[in-house]
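Look for subunit A in each of the two complexes below; its partner is subunit B in the first and subunit C in the second.
Showing the complex of A and B:
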């Protein structure tokens, strides 16, 4: 019944409204699922102190390695007898924060370099060769070196991952900024005597935002994976901080006896990375003007 | 068709690892020893690594040997010895039937050369002090050596059982120069240098003439043609290799697996009860917070040693209720009783009485200073678990222990600095005097005396313990030193590692020894049945 009426309603509403980014995003089931998962993960991390049944650092050695499903321990206990639910919630927090900080610091610095390279063509070559040099350092190796110098810790991991993000972001931003730079309205803005900073901020940056956003989301997943790997190697979070990679590393020795200690944080890492990757992919499709209908 | 293809693939998938395992199965009359890490070199005075000792004990001999009880000194290359009245001259009578791997006969000149090379500053031996206050070493004839000291040194015979004084051949040392112990070796041991692929394996071949093994073994000669020391760093892989017959013996059994391994029918386990390898936490006594004796006492009281040790070692270590193992020569039971027992309420009272009051975040405060200190240790599973368990204990009494674990490549360097307030470490020792002189002598600052313990009275007692002529004086002095250190709570004794050796079904005569942590020692009684 309503199907017959709807075309009429659409005709009345002219011109047809272009669906928003969010709507386009939600059209894809995988993307919708990823978005829900991301929201859940972030929510769980933010509410960790409220949701957690116990203190994250409080151990009870008599409960060590209790299997999932034991009384009061739905996900079991780790080797120190700490509730795995609490540890995973707090671990998500640290892991997400680590990813966010790395992507934010690396992304902002990288974007600045990218804009500078695109806008001031004289230093373009120099900046891009510098980025090439940075690209040649594997992030894990760089993290190892930093940890050796400053000591292992979350700061060292964030620094390493930020530095590893800078050249990637710079290249992407430079590419999209260059395309914008060739357009007439930039020429017009120049002619009216606008300052360089104003042109970059008001006219170039907003047109590059979608690619920055997509890349940052995709990078977030990669950064979490790299950060967890560094923590797994013992270079990241130091005891007693809960961090998913460090938790997996801790449980690796008991793989035959108490597999849940390693498997649960690994599943959490997997879910977070998958969610951000699918979301990043979907965002790219949703924000791509060529795919707009 | 498709089904057959799948079946074929499946069969192939199942057969491939089996074939692989068969191909790698230990060969006949070759003993495959599995271990965790390699050593940097195999030159006796230039490496302090247990991994170096494992192979050097098999490639060379020491003047005297140590019995299974870890206190009786037995003959080695020296068949007998006498000590002069003043305790300054040791005269060793050497065996006459000994040859090096290259066939050259062994004489007193080799002993003189070896000891002089050990203490020569040019050798840069980190364990030079172990040779004692040497005045001179002379060969009075081909088979008699006089070891002359500037002052008596009661520890000398024990120290000479350690692999640092293993006899080496001068010609080979001079030929290989700095590559001695890296590219080759020439010793008088039951096995000879075959080949070394660093971080992979070390192959030893039987020394055909060898029949001068120390009398603690039933056999004076080796029973196996070849010994391969294979490195498998990953604990679970090492275990699997042992159970599948790719290896015959290992002492590197992950603690969490020990209980399970007892039920594996293909694996034989043996334990050495007289084993001195202890885990402890030490305080830098001149650093803020931990310089307060009340804090150190409270940390000792607040540590639930039994639970920490159980959580870390799963029954494969014993809680250390004293600074030393009760089976050690020179152990003082009175001192051990002075180590505070676990009593968190008492810990809180001690802190209250010393003016450390709980702050807003639960951490105690005194005169604006938080009861917080920085701990350094190495990044291994044990240290991680141990420090985390202790950290939780100390939080309950209002002390904040910050943990920083370093990778071994930089860790030892970091542990030699003054950056930290406390550290955790483990170490092997032979006697009370050996262990205490190493750690508490003020002249051993900053390392291994990382506590910066600088006490003239301790130094005086350690001096008597080392140089006293009468044994009763030496024992009295080392006992007093133990009480002095224990009263000051310079350490938190944590655990005593147990030495277990796991061996495959085809081995016989595997008995763990444990000198300097080395499980197999000379391994002369080990036989392979197939």
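Showing the complex of A and C:
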């Protein structure tokens, strides 16, 4: 008798559970697919040295331009006879690192500006006008200018994309920080004599995390698109570095004889950017309904 | 609106100054001595010194900056290190093709983007909407050069339908028109997605508004409700957002020009940077920035003119 009642009691005791962020995210098939793709891509990039069948710079001219599906070359070989599987894995690594560095550097600096503007109202106007000025330049112009100043290279691209990310992140962070700043508990924290840095870190920042996370995910896709475009133009990663944009640029020279050399890295970029964009959109819907469009 | 326009103009001043300063700094960090480059490898030290004095390179930095500003205001951007052609002349030849390409890309992609966005909003949540949204997200994720290379390979090379290198003539000639189709499809193709998404959001905002409900209530046909009452009011944010995307378009144009060997400013800039032709790089970057600032300014003022609420 008592055994039959027990489960009932347990059911009543458990509070109605709100589905977690991950569960809400995975409910959307496209988002679940994007998440899997992102995990796979990051895994492939991290494990490139283990997964790659050859060294990324090993070339065998007798294999040059072998089509995908040739013996031992599922994705074919490039014009120097380098295994495309290896090149794509290493290319993902460099491209993702480039994106990660840009979003991290630009994002952190931008977040600092955003918190400062929201917290210290006196410098808000000045900081945000400065951000407006930076926003009036498209990222590609930063890329061109910095490549002209420092010479083409990955550093110039990362610097340009970081700079272009700062004002965007600053606006997002300022917006969500301002929404929290007016609340009573911040006032209470101030009254207890907490330092500014501590209030921002302990009480303001955690409430901005979801917006930051959503923005960073979406920005990652954009940064990869821009960075690979700069590399494609020859302003970013320089050959023989395996970087997806630079690989596409190299393949462009052999487009009519061996289109796979250009198309494979292009497809890889497209897949990565698409995955991050879909995931970013889904995260926004799941985490931050205010930002929903 | 007048006040708004003046405000935006004032805002443009520090931006302009920043551009000019970056241009100046660019010439300061040049690894090679410009006077030495100009003089050539066989010049005697006397000649180099004379050229240095002539270029004002022996003066203090702030005097050089003044000189540089003076020259800029007189349209003197220097001469190319590579072929000795005045930078301004080269720019004059390339601005037209770039504007042409942008025009040809926008003229078909904006209407299609707006139509797709409107249909998506109207059929919100339905299969059509989901398909359009998926298409828009995919379109916004595709590298410009990918689209360009695929079109070159398939339409240009395999089917031999359209030319894919260079610009054969102005837009109003047959060769010019045929030659711009693939570049314009490429650049415009990446623009449809963002326009469709922005339009969908803007129309969704408007569809729920009272006057649209009133229009429905008085028995207007659905097509009229959407086009006359919803889309029209959604146009203000759409125009602004499209204007803000011009930077995105500019980036796409630089890549498209390179892929199709289109003789525009973007290709000139990339070529100059890759060959370390600093005066040319400086000139192209300044002109691209100026163009961008100008477009933003026009969009801003246009926005104020379109929206009666901004006139207060």
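Things to note:
The criterion applied here is as follows: the second predicted complex is superposed on the first by the 276 of 293 C-alpha atoms of A that agree within 3 Å, B and C clash if a C-alpha of one lies under 4 Å from a C-alpha of the other, contacts with A are read in each partner's own complex, and residues count from 1 in each chain.
FYI, a contact is a pair of C-beta atoms (placed from the backbone, for glycine too) under 8 Å apart; a residue touches a chain by one contact, two chains touch by 3 or more.
None of the values given here were measured: they were computed from a predicted structure.
When the two complexes are overlaid on subunit A, subunit B and subunit C occupy overlapping space and clash. In the superposition on chain A, contact is made by A:137 with subunit C only, not with subunit B.
Residue contacts after overlaying the shared chain place A:162 against neither subunit B nor subunit C.
More residues of subunit A lie in touch with C than with the remaining chain of the pair subunit B and subunit C.
When both complexes are overlaid on chain A, the residue A:148 reaches subunit B and subunit C alike. Within the superposed three-chain model, A:64 lies in touch with subunit B and out of touch with subunit C [touch as defined at top].
By the touch criterion defined above, A:277 lies against subunit C but remains apart from subunit B after alignment on the C-alpha atoms of chain A. In the superposition on chain A, contact of A:269 is made with subunit C only, not with subunit B.
Of the two partner chains placed around the shared chain by superposition, neither subunit B nor subunit C is touched by A:102.
Judged by the touch definition given at the top, the superposed model places A:256 against both subunit B and subunit C. In the superposition on chain A, contact of A:234 is made with both subunit B and subunit C. Residues common to the contacts of subunit A with subunit B and with subunit C across the two structures: 147-148, 151-152, 234-235, 255-256. Taken together, the subunit A residues at the contact with subunit B in this complex read 57-59, 61-62, 64, 79-81, 147-148, 151-153, 234-235, 238-240, 250, 253-257.
The touching residues of subunit C, when paired with subunit A in their complex, are 11, 14-15, 18, 22, 25-26, 29, 134, 137-138, 140-146, 149-150, 152-153, 157, 197, 201, 246-248, 250-251, 254-255, 258-259, 269-270, 272-274, 276, 278, 281-282, 284-285, 288-289, 292-293, 296.
Residues 30, 129, 132-133, 136-141, 144-145, 147-152, 221, 225-226, 228-229, 232-235, 245, 248-249, 252, 255-256, 259, 262-263, 266-267, 269-270, 273-274, 277-278, 281, 293 of subunit A are the ones touching subunit C in the complex. Across the complex, subunit B meets subunit A through its residues 235-236, 254, 256-257, 260, 304, 307-308, 310-311, 379, 381, 384-385, 387-389, 391-392, 395, 403-407, 409-410, 414.
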